[in-house]
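Same chain, two partners: chain A is paired with chain B first, then with chain C.
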Partner chain A sequence: MAPESYGIHPEPILAAPGTELPLTNFDEWGFFIDPNRCIGCRSCVAACAECGTHKGRPMIHLDEMDRLHSPQTAPTVCMHCEDPICAQVCPADAIKRSEDGVVHASQKPRCIGCQNCELSCPFGVPIVFSGLEQMLKCDLCYDRTSEGLKPMCATVCPSQALLYAPKAEISRMRTAQPVREFLVGSLVVKTKNALMVPDPEAPLFLDAALLIEGDL
Partner chain B sequence: MATLPQTPDQLRTAFGPHLNLAPPDGWDADPVPDRLVETHCCFCGQQCGIKLKVKDNRVIGFDPWEEFPFNKGKLCPKGVKRYLQGNHPDRLTKALMRTPEGFREADWETAMAHTVAKIQEIQGKYGKDAFAVLSGVSLTNEKSYHVGKFARLGLQTKNLDYNGRLCMVSAGAGNKKAFGLDRAANSWEDIEGAEVIWVAGSNVAECSPITTDYIWRARDRGAKLIVVDPRITPLARTADLVLPLKPGSDSALTNGILHLLDTWNLIDRAFIENHTQGFEETLSAVKDCTPEWTSRMTGLPVAAIEKAARMWGEARTSFLLHARGIEHQSKGVENVLGCINLVLATGRIGKPNCGYGTITGQGNGQGGREHGHKCDQLPGNRDIENPEHRKYICDVWGCTDEELPRKGQSAQEIMNAIHAGEIKGLLLLCFNPVVSLPDNQFTAEALSKLEFFVCLDFFASESAQYADVILPSALHEEDEGTSTSAEGRVIKINKAVDPPGDARPDWVILNEIAHRLGRGKYFDHFTSPEAIFNELRVASKGGTADYYGITYEKIERQMGVFWPCPSLDHPGTPRLFEGGRFAHPDGKARFVPTPWRPPMEVVDADYPVWLTSGRVVFHYLSGTQTRRIGWLVEQCPNPYLEIHPKLAERYGLKDGDAVEITSRRGSLVLPAKVVMTIRPDTVFIPYHWPGNLGANRLTARHLDPVSKIPEFKVSACRLQKTTPDRIPAELRELQRMAFEARTNQAALPQRVF
Partner chain C sequence: MSLPGRLELEARPLVRAALTTLGLAGLVALGSRGGRWLDPALLGYLVACLFACFGVAYRYWAWIERPATRMYFGHTMRTLRSRKAVAALGRMALLGLDQLVLQRFIEKRSLKRWGAHALLAWGCLLAFAVTFPLVFGWVRFTTAGADATRYQAWFFGFPAGSFPLDSVAAFLTFHMLDWAALMVIAGCLLAFIRRRQDEGDFATQRFDLDLAPLLLLIAVSVTGLLLTVSISFMQGRNYGTLAFIHELTVILLLLSLPFGKLFHIVQRPAQLGVSLYKAEGEAEGRVPCRGCGEPFIRANQLRDLKALYATLDLGAAVHGSRTHHLELCPRCKRRLLAKAQWQRMGGAFDPFADLPEWAAPIDDPQTLRS
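Now for the complex of A and B:
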């Protein structure tokens, strides 16, 4: 018989469609980024670029970490810092954080395209686009979330490495742990969005040569 | 004679692939769509729900369709960018006819009259069967059914087959032998509650990305994941157990696992006794398959094999998924049966959270293989040689038994017969054999020998370029119909826009050809896809794939109907085999022994490296569509050779170096991609490209004796480092196009530091 240690939950964890909380209060919903699930398909990047407000320009970065050693890829989405460094260093005061905790793209009339934000962001998120001379970044799909929809990237993400879900549900939905505090040099950066941290003991399979019998 | 009418460069200039980079009016147009059409993605067997934004009879973008239960809005990048296949500069809008100077546009009447005259001439001279039809399963159920009927009663040829022969046939044959029915046994919902998930020969993350989330949801509930693949794919990276076995050794592994399950008494004897046949013979066939033997055959450590058997054997619930990795072999059917043996031995099928399924590859890989699209099949998954089955279909079609041809040849065999001069004429649709069949130089030679070749396509694919006449057909979004997903869920494709110019749906074109051939009495009543579907419903009634109770209205209301659905009040059957009742007449499943035999080609002193091929997430099949979508090409413009650093070192190769790969069929020069995620005795090439960029220049025409699937996944090759100037100009051109696409778009960050 199966070992009890499999730890199967007795009931399905994910709420059935239609029972989800209404998407009205930003505070109840969280954005969770889990690179462990990322399959590198760049669907998030592709879908983000389709947005009517930034027209062909993706606000998400997706990096192959080290292809020689691993198929690991990782999406970088704005973490929406509580005290955003991009806004602190902006000489034109063009970057605003709204009361719901969303850090917005630069205000066009103010942005001088100096790239201070781009250089200072600890996560490498803001982009000053050539031609626009303006910094654009993720605003958590304000157009969608204000209408009760999930952000586009979290809607399409095939593996749900990008997840938009009720914060109260996350411990039931996922085994990885959400982290919202990051030490950057000596600075503690607190964020609205969470990075999911896997069990550090979980094995990773990276070198096929170590998994087979015999050698070349 | 159907040699290429112009130089490759001239053909590329005329027909592409060019890249569609932006929505119809550019990124800055800010159009408001007239309407949103709920339909499905065309780019794989998962058939994700998607909404297409339509304005002025053009598809201008997409929106997620979150209510559709399978994918709930999720889409892979092919789905996101699928809308760019419309409004494409390469789109065929007029008939094309070959002239000594190359292809020239022709009016519909001229092209059609010429086509029909040539069909009559060839069939008059050489017999009806000398004209063959090769089709494909990106077609809807309606079109698949229609092609089957068109070939048998329109052209009156037995030689019809389809590109599912390169995709689903090993699974289909294995499923029929074991279960008496060919469909995934469960809806994917049963994956979520499985305690152990066994994935064999499937790069789930790249080839069926949405399935990844089902697997992860199970894992978050504690499920263990076992992945069997010579490469560590993105899903395998975090798996609980990764088994990178030697290419072609899959049935050795399942035999070894069955041996251990029996030894350790991890089998469900009551289930075997009550619901199956053939266990004893199957067991005796694995009595010598000790872990040590299995280790020698598969190249896997004994401990890993034992761990797999424990994980699989001890679980209470499970789901086994497999795909082309095990099916694309000369033992494809045996590999499938080996997997099914593990499912049956543990009795974990036909119950909640217990399941089995092949992950269908092509858009309608499931439905397209059920309704008479295959050389040996009639609608409802009936057998063309079975007198009762023939009688039923003759009655539905109103023809005599003498009129209904018998079993024809399979896809590769048809190509072989063309090459041998036995088949003289070809009608090709929804199939790009010069890219997707093995041994691509042989295929090109064969197409060059045809006396007459007519192709229906929306782009002039590399195969279409060999044709005498190309008739412009309709895209997925330009017609309605149904398709059947990997789960067995029949879904509705809705029309978003009209076809441009003279282009029209395949069934309309075939109807017209049949009519002109004097066979209109079998086709003239097909005035809409729904009219075809309603005949399909009747033709499938009483067969194993019974669609009789499925209507367009029911599909839309239920957001899909799982077959079998034998009556109008039947809701459909998401989970098959409940209560251990299988589709064989005695209700029992069959264990089938799979005694070990090696692949048709094995490594030796001359060709010492295993070669395997597969897909990447950014491309679909032969790339006819995805190699024309700019953003997808930017992400993956060209093929490459994946090689482990240990093997690379042996040949003095560094990442990016040019390497010549030679098999008994031919050779390619590609850039090396050095990765530790592949067995050091094996190399991998993604297959989506033509000619001297095609993995299928190297693969062999070895077939599974039962399913006739070619052995794409196992070949032997040798490697040699070469100089960068030997990288084909075509590959450099693709890289240049991708670079230009990137730099021309507004998406470029301004990098001044």
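Now for the complex of A and C:
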């Protein structure tokens, strides 16, 4: 069976050694997350801490799924919602989404560290640092992506569980396809970043029954 | 359509802002004894101050009207009206010392940021503390009776001490705005240097929100210092022109207060209310996560966030009949996202699930498996 059958494709966008990396742009490139591919190497965590907007503090989450039964880990970055719930519940009006669709970490002069965002995010992404009275989160490595570079985590991920690639090429690169619509209970959440699923036509249903046994 | 409608202004904040401005105008009339002690040279500043007061008050009241802000503001108001008010005020005073006076939370964010911010904040607040009372006619100086060598200070029309003209106190007092200007200029320069060195800030900063206020503050401070230079070293040459330019920069700064970054000065005290809210929540206890059973969310915050979700039309975020998405801890929410994806992928990494063909192990003759 050819490697392509397993969804493992050579990344077509890597430049040859010694040449300049091609620049990316927000409109044509997308962030594609496939927790299935995560091998738990923690490269993304180390790389994330190098990001200029939250230097020294990794904002990517790498969770062990069920340590007793499986070595599986899952990376989570901000999905950059179209109508971010974190911003809606922020009392300080400190969370802003820029025109390119990136939801930024809280504005430092405004954030009052109330944790509304941390507790309300449908994907469990923001982190409020007690003492700093400030929320930090993945902002798609804005210091890099706004300059046409890839986010740190996607740059170092060896299994392409975190992939930053041209949207037009993703259908050729993967068997699974991106979904950007999620159902939280019956609330629809649309995002800029995508999760990879075999059938992207239907939104991904985040059903708590997957975690909770018995009466919901 | 009416003007407020065309400008998308909200009625209640508009009325409250008008009342706040009227209140300030009343205090000006009272403190300046019916306008008798208003300095004619400062009337332009007074008009700009009243406009700025209206703008800041409007934005403040509109901000308070937001459902999420009201959640905390309402709690603080309820606390201050209850029997817990005295204890709460004491706690707020201590928190205010730590968070507003010493600004230690900024020190924890970064020492460089704290240094620049402390110089800027204290320079600005010192300048405000001098300028506003002078403009409003609340503070004035006269010669002390027939003694031309002494100055008499007045506050709200009442005598507030006198000092000799050639004393250190007089020198420090008369040059108070110069000291403030030096602090502000130093703070702005440090802020510019820090912004240039910090890749994150450099990438996310905006000219109108982050750099323009610093430039405006420098313009106000430099033109203010030039007035002293004109008097002390140039025999008052060009004083009129410099005073006009300084007045223009100050008015521009005052009028930008409601729209720009400096609005956070009136927003920041909300942090004290949030700290009270958190302490109350800790006393009430934390509710366990419905996924992993670990206590994580304060009971009062869960209650209020559920109500807030309903107000914001987010009430559909409920699983089954009982589990609200808010009752899952952030880690369980992340695990849920991955689990939902795995389920759609056919449970590829579940060791007890049947592997789909595309995820089956590679048939490798070198491994024990084959």
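As a convention for this text, the second predicted complex is superposed on the first by the 172 of 216 C-alpha atoms of A that agree within 3 Å, B and C clash if a C-alpha of one lies under 4 Å from a C-alpha of the other, contacts with A are read in each partner's own complex, and residues count from 1 in each chain.
The rule we apply is simple: a residue touches a chain if its C-beta (ideal position, glycine included) is under 8 Å from a C-beta of that chain, and two chains touch if they have at least 3 such contacts.
Small disclaimer: the values here were computed from a predicted structure and weren't measured.
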First (chain B), second (chain C), both or neither touched by A:M173: first
Contacts of A:E133 with chain B and chain C, given as first, second, both or neither: both
Contacts of A:C51 with chain B and chain C, given as first, second, both or neither: second
First (chain B), second (chain C), both or neither touched by A:D207: both
Partner chain(s) touched by A:V125 [first = chain B, second = chain C, both, neither]: second
Partner chain(s) touched by A:T155 [first = chain B, second = chain C, both, neither]: first
Partner chain(s) touched by A:N36 [first = chain B, second = chain C, both, neither]: both
Which of chain B and chain C A:D63 touches, first, second, both or neither: second
Touching both chain B and chain C, residues of chain A: 1, 6-7, 36, 52, 55, 69-70, 72, 113, 115, 119, 131-133, 175, 198, 204-209, 211-212, 215-216
Chain A residues within the chain C interface of the complex: 1, 5-7, 34-36, 51-55, 61, 63, 65, 69-70, 72, 74, 76, 85, 88-93, 104, 108-110, 112-116, 118-125, 131-134, 139, 142-144, 146-147, 175-176, 182, 184-187, 195-199, 204-212, 215-216
Chain C to chain A touching residues, read off their complex: 63, 66, 68-69, 71-73, 99, 105, 108-109, 113, 198-204, 261, 264, 267-268, 270-271, 274, 277-278, 290-292, 297, 301-302, 305, 308-309, 312, 314, 316-323, 325-326, 328-346, 348-352, 358-359, 362-363
Chain B - residues contacting chain A, complex: 22, 27-28, 30, 61-62, 64, 66-67, 69, 72-77, 79-81, 192-193, 195, 205-206, 209-210, 212-213, 216-217, 219-224, 230-239, 242-244, 295, 299-302, 304, 314-316, 617-618, 631, 635, 644-647, 650, 655, 673-681, 745-750, 752-753
Sites on chain A touched by chain B in the complex: 1-3, 6-9, 12-14, 17, 36-43, 45-47, 49-50, 52, 55-58, 67-73, 113, 115, 119, 127-133, 149-150, 152, 155-160, 173-175, 198, 202, 204-209, 211-216
